[in-house]
Amino acid sequence: MTEAERHAAFMARIERGEKIEASDWMPAEYRITLVKFMQMHALSEIMGALPEKEWVPRAPTLARKLSLMAKVQDEMGHGQLILRVAEDLAAPLGKTREDLVEELFTGVAKFHNVFHMPAPTWADCGIIGWLVDGAAVVSQAALLDSSYGPYARVLQRVCAEEGFHIQHGESICLALAEGTPAQRQMLQEALNRWWEALLLFFGPAETNSASATILLKYRFRTKTNEDLRQKFFTKYVPRIWSLGLTLPDPDFRWDEAQGRWIYTAPDWSKLKEIARNQGPLSQYRLGLRRMSYEQARWVREALLGKVVA
Amino acid sequence: MSEEKPLFNVYEVFVQKDHGSPHVWVGSVDAGSPDDALLMARENFLRRETAVSIWVVRQQDVHRTDYEDRDFFARESDKQYRMLSGYNKSNAEKWRKYKKSLLDLEKDFVKD
Amino acid sequence: MNEQILVELLYQLADDELVAGHRASEWLGLAPHFEEDIAFASIAQDEIGHATAFYRLLEELGQGKADDLAFLRPAAERRNAVLLERPNGAGTYLENPAFDWGFTVARALVYDLFDTVRLEVLTRSAYEPLAQLAAKIRREERYHLLHHTTWFKRLATGTDESRRRLQAGLERVWPEVGGLFALGFVPTGDIFPATITDLVDRWTAELSPLFDSVGLAWPSGQIMRPPVGLDGRRGQHASDLEELLATMSEVYRTAPGAAW
């Protein structure tokens, strides 16, 4: 077969809805785009542990301390699961885990914009667990049908565990919503603070980026950013309102005629800053991650048991 | 000091949840040795499940069929002879016959 | 049964596990290897879980609500060993966490081995609820000990550097190890049927062969008994504990008694 024929046969497989496996022939473009996408997802889970772990030492009850620890542990676990899939696919490119992680520090690999944001109060923890994880579930559900088999399979496990995360987050938010005036206020302020980040989470409505086009072409991802954002609103806004909380967007409403939620667009240019790791806490969090990773190089070397002189 | 970067081995992890179940693949870990892999596997894969056994196997020791070689799995000739569905209908027809005659017999025996 | 002695003992147990688990939880997201981050987090959770169980026994004895006991008691009332309150390294978990894995492994091993020995004694306590709880907890400790022993061996035999760093960790740990074995206001008796010597001897009998097996010299100097310097079991603590407690109770104190 010529390269073109192979490519055509591969696209036919994709169009038939077949699953691609790690050892299958695939165009270089597919492999490279996929590795990048999964690398970003994995690194986002790993970086995503950082905002919440800030609150473990300060969690206000023993039960919350435990629950939050378990949730953060899960995020690291998801990072591990997805990273392993990325590693296996990247191996023929000569890339190892070390390479994939170091690209985070050089800025070649990005991590999700939502994890560049500050979490200054306990209530932020609740909002993250409930709504950020909620957004992640909406967006991950669209990946469950991904053409890449190993990724689709690992996401089933990830999505199952996210269910617990949302319950955990809801539990914190419900306690605050039903608590003292100060607790309610803390919750409302946290929501106000995170609202823009939640809009930005799904990315801009119209994206003509090369990689977004590729992702849809190869059925790696099957929904658009706006589809997902609307789905998120439908799922969570009624619940937010039911707690007596308000959105910091006075124009937010359901439009019956259009069959969609109308919202004030966030400042999309913030995504550019974040992509350059110039978001509010980008450098701080990368600093933590880099410091711990580099300081522990000697530990990883010891695990591989080089000879003691 | 060598500039070599640590290169972990990949271990595929199989978990047996109880003695009535077989080992099932759950994922893989980067580890320096089989013992480390077993130690990591417990928390990486069994936080919410109980189990009685974990196996770890180095990824390169797993031998596999080729997905593209679909003919490896081809079954064209009729294998009804070793399936339940190959017998259900024909056996059932015969049993109905015998069941009927058994009923008739009973009618003869149950006299008064 | 002398309830005062029982309460003292329970505070030692609860405070040890709370402080140990809290320090361990600072490593979340920062551990040297991703798979290990996940494994280590389970051990931290187990410790907080054990602390919770001990605080609940104290609650049953009328000492107050478990969360209040964990979050509100001042440093001078705490009964944890000082070794456990020491930071994981330079910096804090929020600012420049220059955490020391060699120290962490050394501390985790000596503490968990001590805890294993102590739990066995507790299974023979005259206070039945404590004996039963200890029996349960002992089974979880098996994995902890296996984990820490494995790491000890890996670092001791891995590379020259890892061996050096483990030794440095042991050197930092050793002067305060004695504080684990101190019994404070708990005399040997039917509530706690062992002496300090029993504990130290059993712990040494387990740990010394491990050092031999990897060719590490047993650190010189006797395990201090009673401890020289700060005796956590008598409420003597470093400023480290005050900082730890200030962080731990920061949110709780904004509304103690509120539901969180």
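Some observations on this one:
Which chain is which? They are A, B and C, in the order written, and residues in each are numbered from 1.
One rule holds for everything that comes next: contacts are C-beta pairs under 8 Å (C-beta built on N, C-alpha and C of every residue); 3 or more make two chains touch, one makes a residue touch a chain.
Computed from a predicted structure; not experimentally measured.
Using the mean of the Cα atoms as each chain's centre, the chain most removed from subunit B is C.
Chain pair with the larger contact count among A-B and A-C is A-C, by C-beta pairs in contact. For the pair subunit B and subunit C, the distance between mean C-alpha positions equals 44 Å.
Subunit A and subunit B have centres, each the mean of its CA atoms, that are 33 Å apart. Subunit A and subunit C have Cα centroids lying 35 Å from one another. Shared interface positions of subunit B, defined as residues touching 2 or more other chains, are 29-32, 36, 44, 47. Shown for subunit C are the residues in touch with two or more other chains, namely 33-35, 38, 41-42, 154.
Residue positions 70, 73, 77, 80, 300-301, 303-305 of subunit A are each in touch with at least two other chains.
By the touch criterion stated above, subunit B contacts subunit C in their complex at residues 29-32, 35-36, 39-40, 42-44, 47.
Subunit A makes touch with subunit C in their complex at residues 46, 49-50, 53-54, 56-66, 69-70, 72-73, 76-77, 79-80, 83, 122, 172, 175-176, 178-180, 182-183, 288-289, 291-292, 295-296, 298-306, 308-309.
The touching residues of subunit B, counted against subunit A in their complex, run 5-8, 10, 27-33, 36, 44, 47-48, 64, 66-68. Those residues of subunit A lying in contact with subunit B across their complex are 21, 23-25, 70, 73-74, 77, 80-81, 84, 87-88, 96-98, 154, 157, 161, 297, 300-301, 303-305. Residues 22, 25-26, 28-35, 37-38, 41-42, 44-45, 48-49, 51-52, 55, 66-67, 70-71, 93-94, 96-99, 101, 154-155, 157-163, 165, 247-248, 250-252, 254-255, 258-260 of subunit C touch subunit A in their complex.
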